[in-house]
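Below you will find the structure I want to go over with you.
Letters are used for the chains, namely A, B and C, taken in the order the chains are written, and counting of residues starts over at 1 for each.
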Amino acid sequence: MHKNEESKVVACELNREALIEIRNVNKWYNDFQVLKDINLSVYTGERVVICGPSGSGKSTLIRCINRLEKHQQGDIIFDGIELTDEVKNIDKIRSEIGMCFQQFNLFPHLTVMENLILAPISVRDLSNAKAREIGAHYLEKVKIQDQADKYPSELSGGQQQRVAIARALCMQPRVLLFDEPTSALDPEMIAEVLDIMEKLATEGMTMVCVTHEMGFARKVADRVIFMDAGQIVEENDPINFFDNPKNKRTQKFLKQIFEH
Amino acid sequence: MDLQFLEIIPQTGPMLWGALNTIYVGILACGVGLVIGTGLLFLRNSRFRLLRIIVGIYGSFIRGTPALVQILVLYYALAPLIGLNIGPFTAGILAIGFNSGAYVAEILRGGLSRIPPGQWEAARALGLPNYKIWFRIILPQVFYSVIPLLVGEFTMVIKLTPLLSTITLVELTRSSQMLYNETFRPVEVLVLAALIYFIICFSISQYGERLQRRSLKYRL
Amino acid sequence: MTFDYMAIWDNRDILIDGVLTTLLVSTIAIPIGICIGVVICMMRISGNRMLRWSSIVYIEFLRNIPFLILIFLVFYALPFYGLRLSGLTTGFICLSIYGGAYFAEIFRGGIQSVSKGQFDASKALGLKYGFYMRRVIFPQLYQYIIPPGTNIALTMIKESSLLSMITVAELTYAAHDVNGRTFTPVETFATIALLYWLISTIFLKLTHILQIKFGAEDTRDDLTIR
């Protein structure tokens, strides 16, 4: 627990400039408002976990960060650059933000290694050899070195998600976004993915993670955020969040989660 | 009447040349069809409404008129109109190619609609530029997923080639006609021709099935 | 560039007869083809190996040879066995059996698409065979069969143009006829192209109404079955 406090202090001391700044963001799908006046700052080195019932807008929120979804009102600023519709701007920002999806979304017609090196070669102009080196390094990190030449269809769900994490890491992003990375996995494979995520966290990776895995949140997060019906309802450090939830809705949600 | 296949066999040389012509035209027409089909796929999504309308009319025309009529229109009407002096070979390849292209476009469109949106998202999340996403991620998957349909389309192209006999192209059917007019043995000749077509088309479908099985590794 | 409209107009009765013949042949061949398709399909899914293999041979043979070869075989080769059929009769027969092969495959696909669970549930509820086939299975079949089925029917209408090669006086033959008299290939062939296009468009509109009536709209606009 005190590791969390330590890193929080470090973050505060070293870097007052937020890496991701979300200010007064509102978003509608036609008439339905899915994000209501969201304000959030994420600092370098911070691990933020967002939880909440389905339909609360948590996935939509992190997908706005790398502009897979567009917000209609408010500002999202990454590393001092504002997210707008300018294309050059978006591609550059996306190469600095890594994302892992619930459905993994590996490219099925490419081998594991080819999945990893595609973006570094295309976007960062690395040579094939250098990209493979980096790829091999991250494959080792996620513990799948020997599957480099397999196709995604030949791997289990847990292995595929770990490859997806490695693929995001190969771009050496400033922050990793996770959109319910373990929700589509069979229970026995969840642990292997969470282990990797934990390892990344202890190595200082900035993370914003949407998840239902409360054990992970308790262990790893610097801040836990509860969203409901498009709003940020409560925000606290893990100890206080889980032991002393202030808001009634948070209490209800936690009760439902832990009752199972 | 007694069948005398053995008598006929020595005279079937021209028929085999015709068969080669059939395959030759088939492959070229298929190539034209693939190029046109892929091009139409992009034009379909164009920002310009006029282009989208033209693509729609083109597809409607190809789908709504017999291939034979399309061949006749191209060779006897369109070409003289534009002032192009093209031989039956070129006209045949183009006519069948244009025909096939419209159907290939539909096949590819169906395949495209079945690509999970997650593929687009993952590619964009990595910061890949649009054209790279199309050519390295999306199109390969589209083609892998529609192999059986494309193979079926190739078979269809082969089955369209006999129509070219009406514009004096000597492919398998025309050379068969010439042979049985000479030998007065339409039964043997036509049965042989049917057999050759069957072998060509059936082999193509079998190969297609093999390709399809192997492609399963590249799909989730 | 002058279009000789008068040449077409003067010979319009030849062309109109062609249209009528085309429609006649199609209107008769399509229902017969459907019936043949049902029979072949039943054979294809039957437990009897002889029936099954016969139907497979039938289907594979007809799907892997060009329609033109089929009509040549019937028209030019059968007479040597004493069976000399007119072009029109050949047309009816060939078009029907050709269509039958394709219809059979569509019906088979449709039956396989209705999940086994529907049969299980019906039987579990104690419903009788005739009843659940009519009220549970067939309604679900319609959406799988009608869209590709109308495609096959349209293809048959277009294939009828090949009957011009065995002297059946349908629309394409009429065009050759008019062209031979007036030497106006551009006008005649363009005209029949438009006439065929008109026939197809009307046919598609009619079948669209049919699809809506059966609740089997073809939202995909799928050309993948020729």
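Operating definition for what follows: a contact is a pair of C-beta atoms (placed from the backbone, for glycine too) under 8 Å apart; a residue touches a chain by one contact, two chains touch by 3 or more.
Remember, it's a predicted structure, so these values are computed and weren't measured experimentally.
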item: Other chains in touch with both chain A and chain C; value: B
item: Top-ranked pair of chains - ranking by C-beta pairs in contact; value: B-C
item: Chain nearest the overall C-alpha centroid of the shown protein atoms; value: B
item: CA centroid of chain A to CA centroid of chain C, Å; value: 56
item: Intercentroid distance (Cα basis), chain B paired with chain A, Å; value: 47
item: Distance between chain centroids, defined by C-alpha means - chain B, chain C (Å); value: 20
item: Complex contact set, residues of chain B against chain A; value: 116, 118-119, 121-129, 132, 136-137, 140-141, 144, 216-220
item: For the chain A and chain B complex, residues of the former touching the latter; value: 66, 68, 91-95, 97-99, 101, 103-109, 118-119, 122-123, 151-154, 164, 167-168, 171
item: Interfacial residue positions of chain B with respect to chain C in the complex; value: 1, 59-61, 63-70, 72-73, 76-77, 80-81, 102-103, 106-107, 110, 149, 152-153, 155-156, 158-163, 165-166, 173, 177, 180, 186-187, 190-191, 193-194, 197-198, 201-202, 205
item: For the chain C and chain B complex, residues of the former touching the latter; value: 1, 60-61, 63-70, 72-73, 76-77, 80-81, 154, 158-162, 164-165, 172, 175, 179, 185-186, 189-190, 192-193, 196-197, 199-201, 204, 220-224, 226
